[in-house]
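Inspection log for the structure reproduced underneath, given as structure tokens.
Chains here go by letter, A, B, C, D, E, F, G and H, matching the order in which they are written, and residues are numbered from 1 within each.
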Amino acid sequence: MVEIQINGEKRHWDRPVTVFALLETLGICSEAVAVEKNLRIVPRDQFAREMICDGDTIEIIRMVGGG
Amino acid sequence: MVEIQINGEKRHWDRPVTVFALLETLGICSEAVAVEKNLRIVPRDQFAREMICDGDTIEIIRMVGGG
Amino acid sequence: MVEIQINGEKRHWDRPVTVFALLETLGICSEAVAVEKNLRIVPRDQFAREMICDGDTIEIIRMVGGG
Amino acid sequence: MVEIQINGEKRHWDRPVTVFALLETLGICSEAVAVEKNLRIVPRDQFAREMICDGDTIEIIRMVGGG
Amino acid sequence: MKRKMNAEGPLIIAGRAFGSRLLLGTGKFSSPQVMKDALNASGAEIVTVALRRVELDNAQDTLLNAVDISRYLLLPNTSGARNAEEAVRLARLAKAAGCEPWVKLEITPDPHYLLPDPVETLKAAEILVKEGFTVLPYINADPVLAKRLEDAGTATVMPLGSPIGSNRGVKTRELIEIIIEKAGVPVIVDAGLGAPSHAAEAMEMGADAVLVNTAVAVAGDPIAMARAFKKGVEAGRDAFVAGLGIQRKRAEASSPLTGFLR
Amino acid sequence: MKRKMNAEGPLIIAGRAFGSRLLLGTGKFSSPQVMKDALNASGAEIVTVALRRVELDNAQDTLLNAVDISRYLLLPNTSGARNAEEAVRLARLAKAAGCEPWVKLEITPDPHYLLPDPVETLKAAEILVKEGFTVLPYINADPVLAKRLEDAGTATVMPLGSPIGSNRGVKTRELIEIIIEKAGVPVIVDAGLGAPSHAAEAMEMGADAVLVNTAVAVAGDPIAMARAFKKGVEAGRDAFVAGLGIQRKRAEASSPLTGFLR
Amino acid sequence: MKRKMNAEGPLIIAGRAFGSRLLLGTGKFSSPQVMKDALNASGAEIVTVALRRVELDNAQDTLLNAVDISRYLLLPNTSGARNAEEAVRLARLAKAAGCEPWVKLEITPDPHYLLPDPVETLKAAEILVKEGFTVLPYINADPVLAKRLEDAGTATVMPLGSPIGSNRGVKTRELIEIIIEKAGVPVIVDAGLGAPSHAAEAMEMGADAVLVNTAVAVAGDPIAMARAFKKGVEAGRDAFVAGLGIQRKRAEASSPLTGFLR
Amino acid sequence: MKRKMNAEGPLIIAGRAFGSRLLLGTGKFSSPQVMKDALNASGAEIVTVALRRVELDNAQDTLLNAVDISRYLLLPNTSGARNAEEAVRLARLAKAAGCEPWVKLEITPDPHYLLPDPVETLKAAEILVKEGFTVLPYINADPVLAKRLEDAGTATVMPLGSPIGSNRGVKTRELIEIIIEKAGVPVIVDAGLGAPSHAAEAMEMGADAVLVNTAVAVAGDPIAMARAFKKGVEAGRDAFVAGLGIQRKRAEASSPLTGFLR
């Protein structure tokens, strides 16, 4: 049982997941986002390998309209 | 019975009156006003002599605050 | 011998001339000008008939650049 | 023989002098000035004691008109 | 500019000298007492008044009780007049009511913006001057009209800074500068001056006087505001006489430009 | 705006009260006597001075002979400093020269427009505040910088109205309004005020004081101009306290709107 | 504002439709060819001309050779006229010279600032309207005069932005806004527009068209400047039709205000 | 001004050429389709975007579906950042999200007026330049700060005209003129431009480009307004290149000054 902080919300998984799997589960297209794990950016080509474990803090960021 | 138009209002007297009497009756200090009778100005020194008769139109004007 | 005042200058002719002839002599294309004779405008279709005699004052006006 | 840099100018004395003596020699009223010796401010109550030796750099500053 | 000749002297209108260059209106004050105190604080010597019908059922005259006529020149205006004829009629009534033959000529056909009618104003001015009135016409900032009124014999011209009561200041600066340059009679900037800085600006431009009403009458503290305008007018006039510096694009050091420890 | 609370009271800087809200610079006067008389006419209680090397061959101090120090707070500026280090050095020298530990902090790397450096100014302010100086920083009209300086412990902020000596007035109005709204320390508008109307405008906006030098020093008659600025500052302050009316697009009649003979 | 009804349609003057809202003057160009190319680049459909005596010793007409009359409506002005009589005489001569009965009525007694005379202008307008002329009067920014001219039957009003050739832009903004609000005929801002931004500003205010001459004719590159004004006028008109936002005192974020990583 | 050398050429930022001098923001549009059409009408080649958290329960990306990335350079801003650290973090995230290493650096500690912090902006710029970012910093109209940022290697400076979204135009004109005069990198006027005339004015002053968002996004018709700004920017640029005439106090006749029938 792992607890992850994602974009300020607590979420739970029954086991550690890759960034890629996380995004897939959340229905987020990985093409358009940036992911920070514990304040460190996860390069896109690492999404499939980078594991998210209990207690990790994740930020998933995307572009929106702005001036 | 005479009808006089004063400052746009109809007023009635039982006989012709002088401007002076008119002002007195209305409680208007004659020092501070100008009087027009049928579009003609009545000089202040004529107030006591100038008669107002039936059908006359009178304007009584004074100074008020203004810019 | 006739003396004509044209645009402020005295000019002389040996005989009265029509407006048309005058313009031709001066090398002015009659299409683009207006002519005043003694403060009265001469309609263009009168140029050929309107005689200019001794003592007449003529103004020949044209369009120029302006704002 | 000592050489002193004062306000950017080289000046010579035959022996080391106090700040106080220096100002007096230059005809500068010590009340209205500040003195820097080798980038270090010399407190006014030290003027009589502080010696200026060969190679020292002195700045003598005063108030002038300014906005 | 001949007008600058007696720059340090008093304001002279129709041969009459005034120590104050601030004219005050008497409209819109919350009470006669407040008005009286504001007039006092302003130092004004010329105060404008309007003419209206006496209310037959409420005939006591409050305004004149408050104002000590002897201290001020009461300058009746023709407010309400929509054309020359009405303005002339009001001017005559004002005289008959005991005013001196001075009139602030204002003709405003449109009640919305209360802007003056140039044609009717000139027409009325010509009539009133002939009748011996000292005419102070309220006009748009129109240099040609100002000149024509002066030629017709008006004692001043009173161009507007911005619409009456708008408090927007001297929005017509370019044109008022021309009026001042050309004028042979005093130029009094009237209408729209909402703050002492506006009055000071007009005076710095070389105006001979300003007229203020709304900005003082409706201020939070009309007496203090009257005093403020008095100072603003004096500040602007003093600066005009003292000679203002020109505006520069570049900066110009106020401290010696010898640089750091040089 | 807490600042409006003691609107009617004196100007208070670092716990010290001043009756006048006009600060005067001492640069560019044609003679010490003219400067002395102008200071006198201005009513200023704070006057700025610069620091420069004594000229070894011409050592008599003219400035201080003219000014009666006891009457004024001499506020040394750091003019000439191009960075924080030079400014701090000048501030210390000023103190050693007998000034109180007050300093008008100005750091202007570019001699052309003499505009202040925000980064160096903040750096120097932090150092000088730690050393116990009362710091009055000259800055661009930058509300965020103003707030940071206040947080760093400066006694005031001194935003510029327009470049030094340009006489162009309050060209940075929008931003100075924000500085005033946000400030917890006195806001002194400095630089570019070329006429009393400019000073009055700044005060009407709610500035706590203004500093003027060039406009007075180079005026045709500096003494009269000093008096004019004194009145302009008082006019603007009085108006701010009295409560200015709002600006309207529409006109608003100053005479009763009953129309002609109604 | 009825005028906004056909905001998206063409400019209509006296029942005649024009695709361009930029009128161009033909004075002061360095050569007929430059003028021709500038007219072309401007897209103007109405071009103003003046009337002068033919020089007897130099009679070839250069202007008309350059301009292809069929492409433009030639709008003769009455420049030089100092009163109504002279203006009427010039209008009649223009018609006799082959122009359509349209006239830009300008009466400027003072050669210095070339400002219009309101009284003579109204007088001349009344005469010319009776004679069947389509009259476009050049006036000061005077809303009451504008209304009177409209009532007299003029086809437009042409208030000045600032003095002719001064390039100072719309200095009379407050009053022109009122003219536009009240006008029932097209308002063409004339005189003083020195840059495309000035023309755009006038159009954004709701002006129906602008007239430009000096700014184009004396530009470093008149053809490029003509193109620039064409775009400026279109930009301003498009913006007026599209609906401009209001001006705010506060800032309003263009990016989502969720704050940092929220 | 070296900057005028390639006046007729394209806008070049960090060695990259752009045909359009109008940058458009993507905030506050009523719908992606409206935004797409407005971008299209504006002719912009650089469009700004913000970075925010994905909403976990509403994860579909609408913005990028609308914008055809290949046609535009997406310029991520650091809006929301209150200090250098947060800004740097956002810039890196933007790059990780697939943007090119370009960033519009904005650091606004105060959410009220959204004005930039000069000290934090310089600090972040130095870091990001070292990391190889092309940095376009949003700043107050501060010539000294602009120079320091240029020296630190930023690709442009982006001074504000007036507070973001205020639509008030170029209120900081005097200072932006100095920035343009001194700048060795493109000057892009950002924030507060509320109408095409404002954009044209900035370009006429010699700005290299402008950035607009609110005025277009919230217009009655954003697509038409985008087109209007496109024309306004081109008009201003063309006029700057063509060479504007100087402003005169006097009038200057556009018609021959020979007087009436002379």
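The rule is simple: a residue touches a chain if its C-beta (ideal position, glycine included) is under 8 Å from a C-beta of that chain, and two chains touch if they have at least 3 such contacts.
No experiment lies behind these values; they were computed from the predicted model shown.
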Inquiry  = Going only through chains that touch each other, how many steps at minimum separate chain G from chain H?
reply    = 1
Number of steps on the shortest touching-chain route linking chain A and chain G = 1
Note = By Cα centroid distance, the chain farthest from chain H is B
Inquiry  = D-E versus F-H: which interface comes out with more C-beta contact pairs?
reply    = F-H
Key: Rounded Å distance between chain A and chain H, as computed from the means of their C-alpha atoms   = 33
Message = Need the CA-centroid distance for the pair chain C / chain E, whole Å please.
response = 55
Chain E and chain H: spacing of chain centres that average the CA atoms, whole Å = 46
Key: Rounded Å distance between chain B and chain F, as computed from the means of their C-alpha atoms   = 63
Message = At least two partner chains per residue is the criterion; list those residues in chain G.
response = 25, 27-28, 50, 52-53, 77, 79, 113, 115, 163-164, 166, 168, 213-214, 253-256, 261-262
Note = The positions of chain B in contact with two or more other chains are 8, 59, 61, 64-67
Query = Touching chain F in the complex: which residues of chain H?
reply = 108-110, 113, 115-119, 122, 140-145, 147-148, 162-163, 166, 168, 171-175, 178, 182
Query = How about chain E: which of its residues touch chain D in the complex?
reply = 253-256, 261-262
Key: Residues on chain B engaged by chain F in the complex (per definition of touch)   = 8, 59, 61, 64-67
Query = Okay, in this complex, where on chain B does chain E touch?
reply = 6-9, 11, 26-29, 31-36, 39, 41-44, 59-67
Message = Under the definition above, what is the set of chain H residues touching chain A in their complex?
response = 25-29, 35, 48-54, 56, 59-61, 63-64, 74, 76-77, 79, 89, 92-99, 164, 211, 213-214
